[in-house]
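The following block contains the structure, expressed as structure tokens.
The letters A, B, C and D name the chains in turn, as written, and every chain counts its residues from 1.
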Amino acid sequence: MYPPNFEYYAPKTVQEAIGLLDQHQGEAKVLAGGQSLIGMMKLRLAQPAALIDINRIPDLAYIREEEAALVIGALTRTAELGRSEVVRARYPVLSDAAAEIADPTVRNWGTVGGNVSHGDPGNDLPACMMALGAEYRAEGPKGARTIPARQFYQDSFVTALRPNEVLTQVRIPRAGPGTGSAYSKMERKVGDFATAAVAVQLRVGKGGSIDLAGIGLTNVGPTAIYAAAASEFLMGKTGTDSDLKRAGELASDASRPFPDNRGPVEFKKDMVRVWTRRTIAHALARAKGGK
Amino acid sequence: MHIEGDFRVRATASRVYAFFLDPVAFTDCLDDPHEFHAVDADHFEGTVTTGVAFIRGTFRVRGSYLVKTPTSAIRVRLQGTGLGSGLDAELDLALAEAAGETSLHWGGEVRLSGPIAALGERMVRGTTEKKVAGLFENARRKLEGA
Amino acid sequence: MAQPETVHGGIGQSIPRKEDARFIRGKGNYVDDVDLPGMLFLDLVRSPYAHAKITALRKEKALAVPGVLAVITGADLAAAKLAWMPTLMSDTQMVLPTDEVMFQGQEVAGVVATDRYAAADGVAAVEVDYDPLPVVVDPFKALEPGAPVLRGDKGKKDNHIWHWEVGDKAATEKALKESAVVIKERLYIPRIHVSSIETCGCVAQVDAMGKLTVWMTTQAPHAIRTVFALVSGLPENQIRIISPDIGGGFGGKVPVYPGYVIAVVAALTTGQPVKWVEDRTGNLTADSFARDYHIEAEMGATKDGKLTALRVKTLADHGYTDAAANPSKFPAGLFHIITGSYPFATAFVEVDAAYTNKPPGGIAYRCSFRVTEAAYTIERLVENMAHKLKIDPAEFRLKNFIPPEAFPFQSALGWTYDSGNYGGALKKAMAMIGYDELRKEQAEKRKRGELMGIGISSFTEIVGAGPAKQFDILGLKMFDSAEVRIHPTGKVIARLGTKSQGQGHETTYAQILAEELGISSDFISIEEGDTDTAPYGLGTYASRSTPTSGAAAAMAARKIRDKAAKIAAQMLEVSPDDIEWKDHKFQVKGVPDKSKTMAEVAFAAYTTPLEGMEAGLEAVDYYNPPNLTFPFGSYICAVDVDKETGQVKVRRFVAVDDCGVIINPTIVDGQIQGGLTMGFAPAMMEEIPYDADGNNRAGSFLEYLLPTAVETPKWETGKTTTPSPHHPFGAKGVGESATVGAPAAIVNAVLDALEPYGVTNIDIPLSAHKVWKAIHSKDAA
Amino acid sequence: MAVDVAETPQAPGPITTRTIQVTVNGVTHKSTVQNRMLLVSYLRERLRLTGTHIGCDTAHCGACTVLVDGIPVKSCNLLAVQVDGRKVQTVEGLASGGKLHPIQEGFHEEHGLQCGYCTPGMMLVSVALLAQNPNPTEDEIRRGISGNLCRCTGYVNIVKAIQHTAAKMQNPAKGGP
């Protein structure tokens, strides 16, 4: 398995990268970690005319908590995301997910930007970003724009990112007190795409009821899915067993899995139900200061 | 995988029937870059460059009309190879004319083999449906435009 | 010296492996490491279709690709009568197709280029037109009237390959009728793949003298040389097969694959060396599979729980040709070891084989010729029978085992078991895992509605093929060989007919010779795998190395000792009758201080005139085992099942093995730990499923699930030792026991956990969705 | 026999290349490589460092694992041009001055290898693991090597080898030979 020929560019600035993308009119691909892309090129399923390697662009790898947001540079390796103390402390859904992406060696090179922009419904971070209400910064010839994660994914491998745009940053609203989050991935083995996986973030307000909730689903449809009905249902609830059960059912209704070796449709929908319930419970425990 | 759909066009069934029996005419409704020519009355061949997002390649396609029932039914078989894979489809077109309009129901099985099949239906169904729907939409415009 | 002297690195010592020295430095020499001047690279065009007519194949664009030298097609091979080749089971297999492809991933054309990248470009540029044909995936449908006939080329009128049966049909039927309790299960043991981490490949070179040398990933270099000679017509002395370091074999490197032959043709036609190394997808979609047995088994017992009779009907899916690696006389291998550890008075087994649009094979997956299929079936049914009779499965086995005093034991299906103590192994395993406490815990958990299960497997293996009278491959008798040469300074080189793929032969064979010759294993070099230097042998698979070549090494050493004793007698000026081999040296009987070491004798053998003897000290032995060996063991597994998700967690797994006398305990433990993992894998994860169109649904390691260190249970191993009475030093072989024995223990444990739901079988692998379905279908009911 | 053979292979015409500078096991190499050349091809075929193996082609087995700037990566899923200006370590770079690295001694002494094919990748990923976590638990070790497949050993002795090495590196006197 060896890739076909392609042009290779290693721009030093985002502007230079955008120029190269623009000039190749959809025939070029951005190379970040390449942990998904290079595999597809070896299979010759992907045959881009050019690769724009953004790894030589300085200052694209960082994790910073600002006043209003946690900002993550696109070139941050997923292993770094997993090691980040601030992420572990206040955005554990991302630490949970980072520990489940592919395998430890792949995580050393794979990037956050690549994981969220590749568009494979099996990628783990998109559902997390949907749960967290994250926004992506896309820079193109006409400048920068932000795209909400919940509106980014259109179909398998089809996203709102234009062929001449680079995704440079992920911006996550700062998690206030009483916030808890978690990610559960049911997988057949290390390195597998999820049979079903669920990302949850919620906040327990002063009165003890939930006043912020987001639920994202991985690999149970053509794209990552934001379980809107389930998320809204939780608002104002205290998180009783029956609340969790109902939210699980609503999330299951939102899933649109295809049958494959991981199991038939009815099984996967049931796993969404079970793991949504369990993951909300985990997030809730964390919101209430548990581990 | 099974795909199907309907569309109505302001044209007589005989025109629609004739249109779809002209391989060059209806393959021209593909949005993807393509080149097709008739081999004989029942066979045609050519190439189309298509795929899902950046998973794209040029497919060599051979087509044949298996059923030609004037103004009511057409069955066309398409055999494509590209990206080291096979992409075969058998599509049934059922035409019915009513009040100067022709309603057309299309449906059939798309069979994938090789690396593309390995990617899985989840990866290709959405795009396949969009492309086929797009083809018929373009056909409607052409038929009504003229 | 007063107390008996042990020799360094002798039998029973856990010395570190000699071969490690190169591997830990990255200096192993695997086929893909072979680099010859002017070497070209072969890559293969493969069929995306499971069954199709090839209507056109155009080379032009490929030949125009920079770096591409040649495109080889079936038509090219047909011109040289090489388009087809024989399989090990005397069926026929395409090297390259001339008109029809029979499975997805089949080799369609070969592209030869100056580097791998250009070869891959060439493969992408070869244009093939296919007309898809009806696909036969299900072997039962394959045998229905009107099914497309796949092998019309052989003049066949249907897809039935062969029928084979053994045992007393009438007596078994009668015994089952008269049995108070009869159970019946349908078990499917799916298609799996050995997936050694090194795929298959070769480098073919033809020198100026017209001699063909092939470096090849093969477990049986000598047999391959003979097959090549017969197929190609080249004189056998002009063919040299070198099996260098092998990155795992497990049976997958026994057959001859089309790629090897195409590489040889490419080397002959281009006049340059040609390397072919398959990629993983080629390996998973085209190389030999294992298992794929559809089994229907019935077992009878008296109401007080004595086993009476066993009847088994099996359909084997062989793909489009029977390319199984079995001894010629046994189309279903040693499947008739299926009466296992129990003294059935009567049994009957029949197997039918069918053609389908799948790749050929029927190799072992770390097991001796269909023994896993047999052990799995008997241990699954014994467990079900115990549950049916409401007798504890351990107690039930202890009550039914063949007793130690019954050996040698004649089985109902014709085998003579050499030795065994089945109760001893099971009792030890029960003690190690704390069987009674686990049962208590399980009872309490059941009250709370939690799913915990305990499963047992008390298997009997049959390895060491085998007696030449019964065992041959393509007519080649399954003896094996050793050639031992002692140098003047008492250092040794030995060459053997087998071929290590990780088993550690360079260490264990040296230990056998150290013990037999009284020379430290540090000074004994072992060589295998070069057909120009090693004595003829049938190779390494079916746990046969220790029972055959290991025995040959001991026998050759003893031949040397006989001559050496005479030399020692001359040196000590006594009659040979007064010499005894004691404490690893030659002593004058009753006079321990009058002695000669083997090194002293060796020096004399080359330096002093010997009366009535030739100079030198060497011997060759071709060992024809009088019988097979029958290793055994008892495994106990404890699992927890997640009721909601169907996920299974193997909490504990205790394996007590008995492989006779042990040469190197550490290496034996390593073989068992690896074997257990290759038993766990098919039980829980691995399968190559095909969809209705014949698409292989596990063509990469994304879908073909090899366990990592995280999924793999933490194995606990123990031993009992019951020597083989007929092996020169009592060994039996161990490479595969654990793979054979483990699956039933795991499945039995999961079904034990699901007992409240009345589930009696779930076909492996026990994926979460299958366990979930078993639980929920019963919940619903 | 008759096979269509192109006269002489055409020189790689349209194939695009790039010149890179890579320090491998302490030696700096300046090489012109095809843009598409995988790092594993560069190491094995250009530099003839054949201790790095190819097992699965899809970044699942880890036989091709090498250290790039000290971090384990799968060299069959990385382009040579991606390591331009970086430091690469392969199994051949583990021993120094004929002295084995403790991980090599550990794998040998604890029988952590059988066919040896996964061993270089296993040892390199272990070295990086111990650098980050000098005293890992068994579960941390099992997770740490879960990007590398072994078909022979069942991992038991690989885990032991890594524990043995951890002990030796923390207390050379005690763990030493």
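Throughout what follows, a contact is a pair of C-beta atoms (placed from the backbone, for glycine too) under 8 Å apart; a residue touches a chain by one contact, two chains touch by 3 or more.
Note that the structure is predicted; figures quoted are calculated from it, not measured.
When the interfaces B-C and A-D are ranked by C-beta pairs in contact, the top one is A-D.
Look at the CA centroids: the one farthest from the centroid of chain D belongs to B. Averaging Cα coordinates per chain and for the whole protein, the chain whose average falls nearest the overall one is C.
Chain B and chain C have Cα centroids separated by 50 Å. The geometric centre of chain C is 29 Å away from that of chain D, both derived from CA atoms. Distance between chain B and chain D, defined via averaged C-alpha coordinates, is recorded as 49 Å. For chain B, the set of residues touching two or more other chains reads 84, 115. Shown for chain A are the residues in touch with two or more other chains, namely 1-2, 4-5, 44, 103, 190-191, 260.
The residues of chain D that reach two or more other chains are 14-15, 34, 36, 41, 57-58, 60, 143, 146-148, listed in rising order.
Viewed as a network of touching protein chains, the structure does not reduce to a path, ring, star or complete graph. Across the assembly, chains come into contact as A-B, A-C, A-D, B-C, C-D. Per the touch definition, chain A reaches chain B in the complex via residues 29, 40, 43-48, 119, 121, 155-158, 221-222, 257-258, 260.
Against chain A, the residues of chain C that register as touching in their complex are 116-117, 120-121, 124, 279-281, 644-645, 647, 685, 689, 697-698, 701-703, 705, 707-708, 710-711, 767-769, 772-773, 776.
Of all residues in chain A, those touching chain D in their complex are 1-8, 10, 31, 34-35, 38-39, 41-42, 51, 53, 55, 102-106, 108-109, 190-191. In the complex of the two chains, the chain B residues touching chain C come out as 60, 62, 79, 81, 84-86, 88, 111-115, 117-118.
Across the complex, chain C meets chain B through its residues 46, 48-50, 104, 124, 127-132, 691, 693-695, 697, 699-700, 703.
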